[in-house]
Every structure is written in C-alpha cells, then in structure tokens.
Amino acid sequence: MAGNMRAIWKMEQKEGLLVGEAEIPKIKDDEVLIKVKATSICGTDRHIYKWDGWAQKRIGSRVPYIFGHEVSGEIVEMGKAVKGLEMGDHVSAETHISCGYCYQCKTGQEHICKNVKILGVDTNGTFAEYFALPYRNAWKNDKNIPHWVATAQEPLGNAVHTVFAGEVAGKTVFISGLGPIGVCAVALCKAAGADKVIASGTNEFRQKFAKDFGADILLNPKEQNVRKEVMDATNGEGVDVFLEMAGAPQSLNDGLAVTKAGGRVSILGVFPKPFEVDVSTDIVFRGITLHGINGRRMFDTWYKSASFLRSGAVKLEKLVTHRFKLDEIEKGFEALERKEAMKIVLEP
Amino acid sequence: MAGNMRAIWKMEQKEGLLVGEAEIPKIKDDEVLIKVKATSICGTDRHIYKWDGWAQKRIGSRVPYIFGHEVSGEIVEMGKAVKGLEMGDHVSAETHISCGYCYQCKTGQEHICKNVKILGVDTNGTFAEYFALPYRNAWKNDKNIPHWVATAQEPLGNAVHTVFAGEVAGKTVFISGLGPIGVCAVALCKAAGADKVIASGTNEFRQKFAKDFGADILLNPKEQNVRKEVMDATNGEGVDVFLEMAGAPQSLNDGLAVTKAGGRVSILGVFPKPFEVDVSTDIVFRGITLHGINGRRMFDTWYKSASFLRSGAVKLEKLVTHRFKLDEIEKGFEALERKEAMKIVLEP
Amino acid sequence: MAGNMRAIWKMEQKEGLLVGEAEIPKIKDDEVLIKVKATSICGTDRHIYKWDGWAQKRIGSRVPYIFGHEVSGEIVEMGKAVKGLEMGDHVSAETHISCGYCYQCKTGQEHICKNVKILGVDTNGTFAEYFALPYRNAWKNDKNIPHWVATAQEPLGNAVHTVFAGEVAGKTVFISGLGPIGVCAVALCKAAGADKVIASGTNEFRQKFAKDFGADILLNPKEQNVRKEVMDATNGEGVDVFLEMAGAPQSLNDGLAVTKAGGRVSILGVFPKPFEVDVSTDIVFRGITLHGINGRRMFDTWYKSASFLRSGAVKLEKLVTHRFKLDEIEKGFEALERKEAMKIVLEP
Amino acid sequence: MAGNMRAIWKMEQKEGLLVGEAEIPKIKDDEVLIKVKATSICGTDRHIYKWDGWAQKRIGSRVPYIFGHEVSGEIVEMGKAVKGLEMGDHVSAETHISCGYCYQCKTGQEHICKNVKILGVDTNGTFAEYFALPYRNAWKNDKNIPHWVATAQEPLGNAVHTVFAGEVAGKTVFISGLGPIGVCAVALCKAAGADKVIASGTNEFRQKFAKDFGADILLNPKEQNVRKEVMDATNGEGVDVFLEMAGAPQSLNDGLAVTKAGGRVSILGVFPKPFEVDVSTDIVFRGITLHGINGRRMFDTWYKSASFLRSGAVKLEKLVTHRFKLDEIEKGFEALERKEAMKIVLEP
C-alpha cells in the first residue's frame, strides 16, 4: 500500500508533539500492515510527550519519529513469510519486538529479550493511520470486541502477568497503585477467586474505579496508616500476596512489611531511582518470594487476557473514560494532566 | 535422668561466657533428652559471645541461659508421647522449634513459624553435656557419620535450602560469601551439576576451602571488579543463579547486577540495616525472581543434606578446622577472631 | 466426660447398621472430645453400609465399630497437650490421621502418610453424639457457618485439592463425574476464573446442581459423544484441564483424549480395577501432566475451602438435599439409593 | 549451492534403503544449508528401515524420501531472513519443526506443536551430504566438540528433558530401559546429585554402559524381581523418581508400583498399544505426579545438554560404538540387529 497518512510525531527533544503526515509504511516479508482503528495513551507516551528524564535518556536524538503502542486494528497487507494470520483479522500488538535468538528468546522468555525493541519507543508506533508489525507480534482479537476496548488489552496484559505470577485463588491480596493496570489487577483478583482484595491509591477519581471493579477495602496512603489498616483487615496475619503497581518506595516498603511470612510480592511499578529496602527483616527472615514483572509473557498472558475479556469478568470498556479523534490527541494528554482520566482512546 | 552436667552459660548482658555447671534438663512428654557428643560454633553464637547489637536486642535480659545449637548426640531418655525414635538413636537438632498451629506451621512452612523459638537463643541450648528437644525436632543421623561431622549438618542445611530454592543443574551460579555455608553451597552446586560456579569472598583462608570444594572461579571483591569478572566469565550473559551469603549491601547489589534477565536470586545473608537497592533496573526490568531464605525446610532440607553426606559429595569433615573439649570453648572463639577457622567443634 | 451416647454401629460383616448406644470416648493427652452437631454421609459410608468388596477388604473383621467421618461440632474437652484450640470452638475433622514421622509426613505430605488411619474407617467415627480426635486434625470453623453446612466441607476439600493441583484461571476445564465433589469443582472453577467449564455426568438429578453451580456446558455420556462435544466446544483445541471425578475407565480415557497437548489431568476418581489406557497416544506424545489426588493437603486445602465458603463463591448449603435426625440414618441411605440426593446431613 | 550429493533414500514401502544420489537442497529465506559432518542412527530410523507398523502408518506413501535426523554439520549457506547464525557455524538440528502459530507454539511449548513436522520423517533428512533446515531449528555447537560426538546430542536431549522434568538432586531414581537415552539419563542423574540410581534393562551389552555411566544398582527384569529389588534397595520406601524409557507395559507397571507416595514418574518410552494400568492403586491413592515426555524443550533442553557436554559430566563419546562411512549405513543397521551397538555414527 502506498500513499500518505495522518501521524503523530515526536519532532524535537522537548515537550510536545506534532500532528502531521507520514508515508504509509512499507512492510517486510515477515511483517503485516495494520490499519489503526483505535490506539490509546499509555503512561510511557506521557513520558515521551513531556520529554522527562526517562524519555531524554531512552529516546534522545532518535527524534523525529511516530510514537504510541496500545492499539487495535485490521490487517490490510501481509508479507510473504507471514503465517497463521489472514487479511481483515482484528489484531492488537505485543509491543516487545524480540530478537528471537538471544538466551531469553530461546528459552520462552521473549518478554525480557536481551535485544528487545519496543514498538513506538524504539520504532515507529501506532499514533497513526497505519503501522507495520512483525507478524509474530500480532495478537488476533475476537471480532466481537470493539476496537476501542481491545486497544486497552495491553495494560490488562501487564495486570494479568503480575496477578498470575503466583496463585491468587483463596488468597488475600494487597494492591498498591490504582492506575489502569492496578484497577485491572483488582478485577482480575476478584474474578480469580481471591479471598479479600485491599487496594491502595492516592487519587480519588481512580479509587472509584477500584471500588467499582471489586476492591473489598480501599486505602489512601496520604490519609491512612496503610500498614496498620492492612494488618487489621487480615487479623494481624498480613496478606498472602502483594502487587506493587505504584512505583513508589514507600509503597514497596509498606507492602513488604504487611506481607505474610512465606508470601509473594510481585513488582510491576517502576521506581525513578534506587532506594532503601530492609532486605533482612522484610525479605530474608520472612521467606518472601519476590518477582520483578516486565511486559507480558508471549503469549500465555494474551490468552489469559482474552479469556477474561470474553467472559466479561474484566469490564475493560469501563476503563475508557475518553474517546477522541487521533488529531485531538493533545486533549487526551490534558485530561491525564488533570488526573481525571483512566484510559484515553484515539480513533483515526 | 537426674544430676548435674557441664554447661556453657551466657551469664551477663556483656561480652563473654561462663564455663560452669547446670542441672541435667527434665524432659516433657513430647521431648527427648540428648547426650551431646559434639556441638559446634555458629556465627550466631559469636554474636551472643560478643554481645553485639543483635544479641542485645534479641536476647536482652533473658540471661543467664545456656547457648549453642549445632549438635550431634544420642538419645538417652524419651517422653511418653515420642514417636518414630528409639533410645540410642544418633540425632541432630532442627533448631527452629515451631508452634504447630500458626498459618505457616499448618501449611508446611514450619521454618518460618510465626511463633518460632530458636534452640540456644530462646531456650537452653547445646553447649552442655545434655539438652532437651521436642521429638519432632530431632533428626536421626546415619550412625556411620561421626558426631563431630554430623554437628556441621545444620549450616549444610542452610546451604541446601538456598541452593535448591531453584534449579542449578546446567546453570551458571555466582555465590557471594565464603563462610561455612557459602563453601557448602559451592560443593552442593558442583555435586548437583551446575555449569560453572563463581565464588567470591574476601578471606583468603576461606577462599582455599571454596577452591577445594570445587569453585571454578574465585573472586576477591576487595581486589577485583566483581561485576566485570562475572560478566567476562559468562560471555557477557550474566549468571543464571545468584546466591547471597555474605550479608553485605555491595554483595547483593553486585550479584543482582550480574544476574541474567529471568534469573534467580536467593538471599540467605543477613544485613545489619536497610540499604539502597536499584529495584527497577536490577529486579523489575529484568524479570528477576528473588527468594528470602530462612532456616531449613522441615524436613525436605534434612533429607537432601543427608543424601549429600551419604554420597560423599559434600565432604563436611573437611570444614572442621578445629576440635576442642567443650570446656575449651573460648579457644574456639579466639580462632574465629583470628579468621583462621571454618567450623569449630566442641566435644564434652 | 463420662456416660453413654447414641451411636451408629457397623455390627457385622454384612449389609446394614445398628442404631444404638456407646460409651462417650475417653480422650488422650493430644486429643479433643467433640460434640457432634452435624455429620454427613459420604460415598465411603455407603460402601460400608452396603458391605461391598472394598469394605470387606478394607474393614473386614474389625467390626463392630462406629463409622462416619464428615462432621461439624463443638470442642467440649481437651487433652493437656492440645495447642491452638479452645473449649467451644466449632470444628470439622481432617479425616486422615497421619503418623507424623514417615517420609511423607516429614515433608509436608501428611495427606499421603504411609501409616495413615482414616477416621470412621480405621477408628471410631462421627455417626455418634461425641467422638475423639487428635487435636492436630481439628479444623476450626468460622462460627457464622451453620454446622449442617460446615459438615460438607470435607468433600469440598477434595474438590479444592483437585481443582487447584494446577492453574484454572483463564483455562478451559472438563469435569467428569457430578457427585457432590464434582459439583463443588464446577463452582470452584467458575469462582476461580476458569474460561469455560464443561461438566459431564449420567444422573439428571445431579446435572441440575452442576448447572446451578455454573457449568457452561453439560454433557451426558450415556446420550452424547463426549469426545466430539468437548472438541467442538473448544474449537478443536481440547481443554486445558481435565478433572476425573467419576472413577470410570471410559471417563478417564475420554478425558485424556480431549485434553490439549501440554494440558493437565487430575484424577480423584477411584476405579474398581486396572483397565486399559493408551499411554503413548494420550499421555506421552502430547506431553500431558497427570496428578493422582488423594485427600486434602494439610492444611492448605482447608484454608482455601474456608475462603470460598466465607466469600459465598461456593454455596455449600445448596448441596444439602436432606437433613435427618442421626437415628434416622437409614432414610439417608435410602435417598442415596434412589439417586435423589446430593449431601445428606444427620443431626444428633 | 547447486549440484548433486550422496544420499540415503527410503525408496519403497518395504524393508530396506537405497544408497544413491540427490540434488543438493535449495534453501528458503528462513533456512540454512548444512554440510553434514556426522549423522547417527536413531531407533526411529530403524523403524523406517524395517518398515514396521509404525512406519507404514506414519510415512506410508510419502516415499521416496531421504531419512535420518541426528546430525552435526557446518552452515554453508544462509537464507536472507536468517538471524543469530554465521557461515561456518557448527550446528545440530532440533528435529521438531514447529508451525510457530498454534496454541502450543505461542505458549513456549513448540516441542508439542500441533502441526509439527519431524526432520527426516515428514521432510528430507540428514542421511546425506547436505540438508536444509529452518534457522530457528539450528543449534550452535561448541567447536571443541567433534562432529561425531555432537550428533549424539539429540538423544542426550531426550534424556535431559525427561530427567529434569522434576528434581533429582538428593533423590533416589529408578530408570527402566537402557538404550542410549536411558544410559544418558543414568549419567545425568549422577551428575545432578541423585542419591541412588537403579537402572534396569534386559540387554547385557547395554547394561555395561549403564554401569560405566554410574548406575549404583543394575537390574535385569528377565532374571530378577524388579519390584522386590527396588524396594529392598530403598529400605522399603520406594524411589522418589521413576523414568520410563523402555516402552514396555511391565516396565511402567513395575515402576509405578515402586514409586514412593508423592513421587514423580516421567515417561519417555513409546508403547505399541494400550495396556492395563492400576490407576487407583498406583497413581491416585499414592498422589503420584506423572509426565508424558516428548522431544526436547526448545531450547532449555539444548542449553542444559550443552552444559553437561562441556563439563564432561556426560561422556557422550563413549556411547559411540561404531563409526562408518555414510555409504556403509547398512552395516550400522546390522550391528543394531545384533544388539551389539549403542550409537552408530555415519560420516559422509
């Protein structure tokens, strides 16, 4: 396919973006061309938009390029080496483009590939009318799921990966951090038979979503003593499982302190810099198992996400607080700035 | 059994000990009385002897009491509720005396019992001619193993628990900390088919033991750049498994940095206070699994230890650098002070 | 406590029972005396009542004795070695009375103790006003759960053990056999986020319960081609998980045939004798993992069961189709004979 | 590369082969052309040579084609889509050519791909001077390993997959079946710290290899009561792990009977037809976990195999009893017929 398309460019090494034009990408033999039906804004996109320290370091002089990576669309062209897909398939993108030949890739751990490239970070992304994707990264969606819902599957996948890094059925769970991923985690824990789900976050707008998605107890660390509240809610036993999704040192340390001896701690949150942890008291003496969680397992995580979407156990559509035209993307960043949004979807 | 016995007392809340007398303990229905044939000095005993911050906080005003907990002896008396043991059995002591009714105990995790008492720390211990032990804590030794060797099984057990918290066969392993536990870990990894074992410690006397027990590469963090050396030795891949047995912040951070994405980190080391960890870079982004290790699993760990003793794969007898009469215990602490000892055995 | 009580005796080595009297049991130091508030009839009790081949072989000449083992009651007396319990506690009985010193017991596998005794099979049981129980086998119930519901926790536990022998969240599950355990398994799978639950049984009365407990698809192997139906319902993929709870050769072979390559098969069903299995095609070539399931894990299973009871996710009270006075026990066996019952509760 | 090459053809649907010529294969974009340096004879090749029931059913009318699949060679040509390999690399072939898009492939289980093709069975194989292979199936060998040794890695891989389907360190293991895979399993168990390895096989020539590779006890089921011997050797406890590598009903049933309650049974053996198993007694009541094992995990298994080769723990070169020129292949089949061979290597 040839011609031009609308696209959102990160043009310069400073805050901002450009709504403009680009050539429709040419695909390689092992790629598919996807017509974007819906794309959504991730926290990562906000880092890129604001051009914060992370973006400066991670992207630097590779501008200009097209960003965005949460997406749902249709296959409109296929390279000759593509297998297992068809024209017209509805697909989302697994954003970790793995090398296929490093140790991690060759042992079923493509999500932590040593040479990974991230769609929309290291390559041109989905804030556009079309984008090219290696066919192995295309995830076929059920056509019954609207594109504006399916695009939010990527953060759901992060939640699935974190929640199911261990057992939750019959377990008490403490979730710290109530962005879209944290709220999905609440819904997943309830859908998977968790005993009691305690959720903690500072933003009242977002707390309502956690409540709506089934949290049994809501805490606000700005106003409450999280450690005391969790211990009280568990008869002094602490929780079986702690999911860190806030990326704040206090959050991790509070969570470790209220996890039962022998419990599980799974960390998805990203912390800006090193910080103090009481390794002996909080991890060693109490026999804690701790997992660092990155991306989504390919593609176990996607199969599970699809199942929870299909069953209706996770009502992803409720997370979409705003739908804009692609060209209106700056409205989306503004809503996020006002902390009055969960998931913002853009439709070309 | 009635009468008096020789015993080593921690008398006062200050450095030192008293070689004296005590009454032979009266046993309860569910206890056995064990005649001590050999008892050995653990790092914990040294904390108690020196009366450092840990000992002041952990033991405080409970002095005077008899300390010591690594032991091998013979059953000379049995309470009427005792099952599965016989008079004359050679036994060692699992030192974690668990309550039996907390959540951890009721789910196969007695080693992290919520109400645990430690033999020789919370109760009268084994630096004596006799001691009393709940029969469930008695581990029957093979009578072919001399008592002066069997007493060193307790630290071997810590090593077994740590090494086998995950897979080691065919894996590269980095072990930091070369006390008796670290050196046992080296031997175990080699005996269990580890690919390459890199061991790091600052004490040259102890490095020789690591070498003798099979370490493929020896590092000294005082003289070498540990991160560079480990990465070079693994073709830039990092190790599959990191075992922290030094209890030093730099050791943990170095080890995390050289663990392969998707790798395993098991921490047995005890760190005196909280310290900075780069959680995002070293744990989250690389999908690390980290275990805090405490005590020995009851009694999986002991079965495995016994197997490695029986097969000769771990030559525990080589770790015993000194054998003294019980009354000469201060000679043992002096040898440790000079850093010229591994395991010091006392025989009543 | 002294005196007489009502009790149901298996008197002779033939079909039948005797409603009579017995002495209230004297407890040992490590036992509690429990006043029975509700006790229920298990399939095992029916084998004993009917005196079939299993009962003849397993019990033989040990008659007369008091049978029954599913129970809920109150502690009215405690031996002096009892810990973690109080007078008046509501308790159920873990029926596997383990030795505590065999390999299995010493490695957290008491449920498959080499020297196990079963309450009400190898010892006097719960079809009485009182029974004695080792305190370690007493499970403390929430006092909010009526005794006539709590007694049905034992089969729920079998279901919990089987269902959670592997992962079910987001997985398709095929359950064959719809007695009380099979029906509980249906409810548990749904409560734990299973993707699609296909249940198969021949008894229409019981199929209704499976439907009511959430089965997505119901099959009757007498009327339908189970293999075809399951494959059709899973787009030709087969199920991720197969739970065998019927104890019929055809059921196991059908289930194996429809389990996806790499899938999990957990077998609780008891088969009267050896039978043909296509090991190569159905297990080896497709990389199946298969678990034999016996009893309940002590006490992980009980903690999980309690959680699902507390949350209301498994409505155990619906399974109780009949409540009789203890003396009316034969009415219970008659209802079972007519295949018009699920769980029958007896109240002294 | 163009031209002709020597090749071994399965010409007709009957016993036999043809030593002849073929065109050097043309490779696709994602394939490599490998110059065969050594190729070896697998049991599968013998089925094909003899044209037994399995071969008739599995291959049927797809003759003529070139068979063989165990190999080591050099890359002499690469398709343009190939990544992570270089000209001149020494490689072996993972023989399971997976589709890449089925459920199994997309969840890290390519070894049980739904649409798998087997090299040398479903496609032209390695009994030739050259063969074509998808680059993802090429395993890079250490250049220090001679080709005539590296070709035997494929059966070693089957052994690695089976042995490490669970834990062996400190465990007693019973291995039934002493072909090249069984003998490798013996060596691996010893190298990985197994407690005691009991090996059983009927061929005396092969028993010597098991002895040489470290078996602690050798049994011959034709002459001994295997069940009694294994129970005696384990003090009546039974083994922790049973590895079935004989593919005989009696072997599986004996092994199940001597596996400890809670033990692990991994089955690699292929059984010609269904047979009776005592599922209740041997699997259910004793809480056995059983795995069907097929192929090698891609590529965890290969990494582990490489490690054991590198360390010298498995002396694969000792298994090579015969080396012939490729054209002399019938001599190889004759040696196998006489039961005087382990691994037969052919060199073009």
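Order of writing sets the chain letters: A, B, C and D. Residues in each chain are counted from 1.
Operating definition for what follows: contacts are C-beta pairs under 8 Å (C-beta built on N, C-alpha and C of every residue); 3 or more make two chains touch, one makes a residue touch a chain.
Treat the numbers as computed from the prediction; the structure is a model and nothing was measured.
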| item | value |
| --- | --- |
| Labels of chains that are neighbours to chain C and to chain D | A, B |
| Chain A-chain D separation of Cα centroids, rounded to whole Å | 42 |
| Centre-of-Cα separation between chain B and chain A, whole angstrom | 42 |
| Of all residues in chain A, the ones touching two or more other chains | 103, 107, 303 |
| Arrangement of touching chains [line / ring / star / complete / other] | complete |
| Chain D to chain A touching residues, read off their complex | 29-30, 81, 83-85, 99-103, 106-108, 136, 298-300, 303 |
| List of chain A residues in touch with chain B within their complex | 103-104, 107, 109, 111-112, 114, 237, 247, 252, 260-262, 267-280, 283-294 |
| Of all residues in chain D, those that touch chain B in their complex | 160, 164, 167-171, 188, 191-193, 195, 303-305, 307-308, 310-311, 313 |
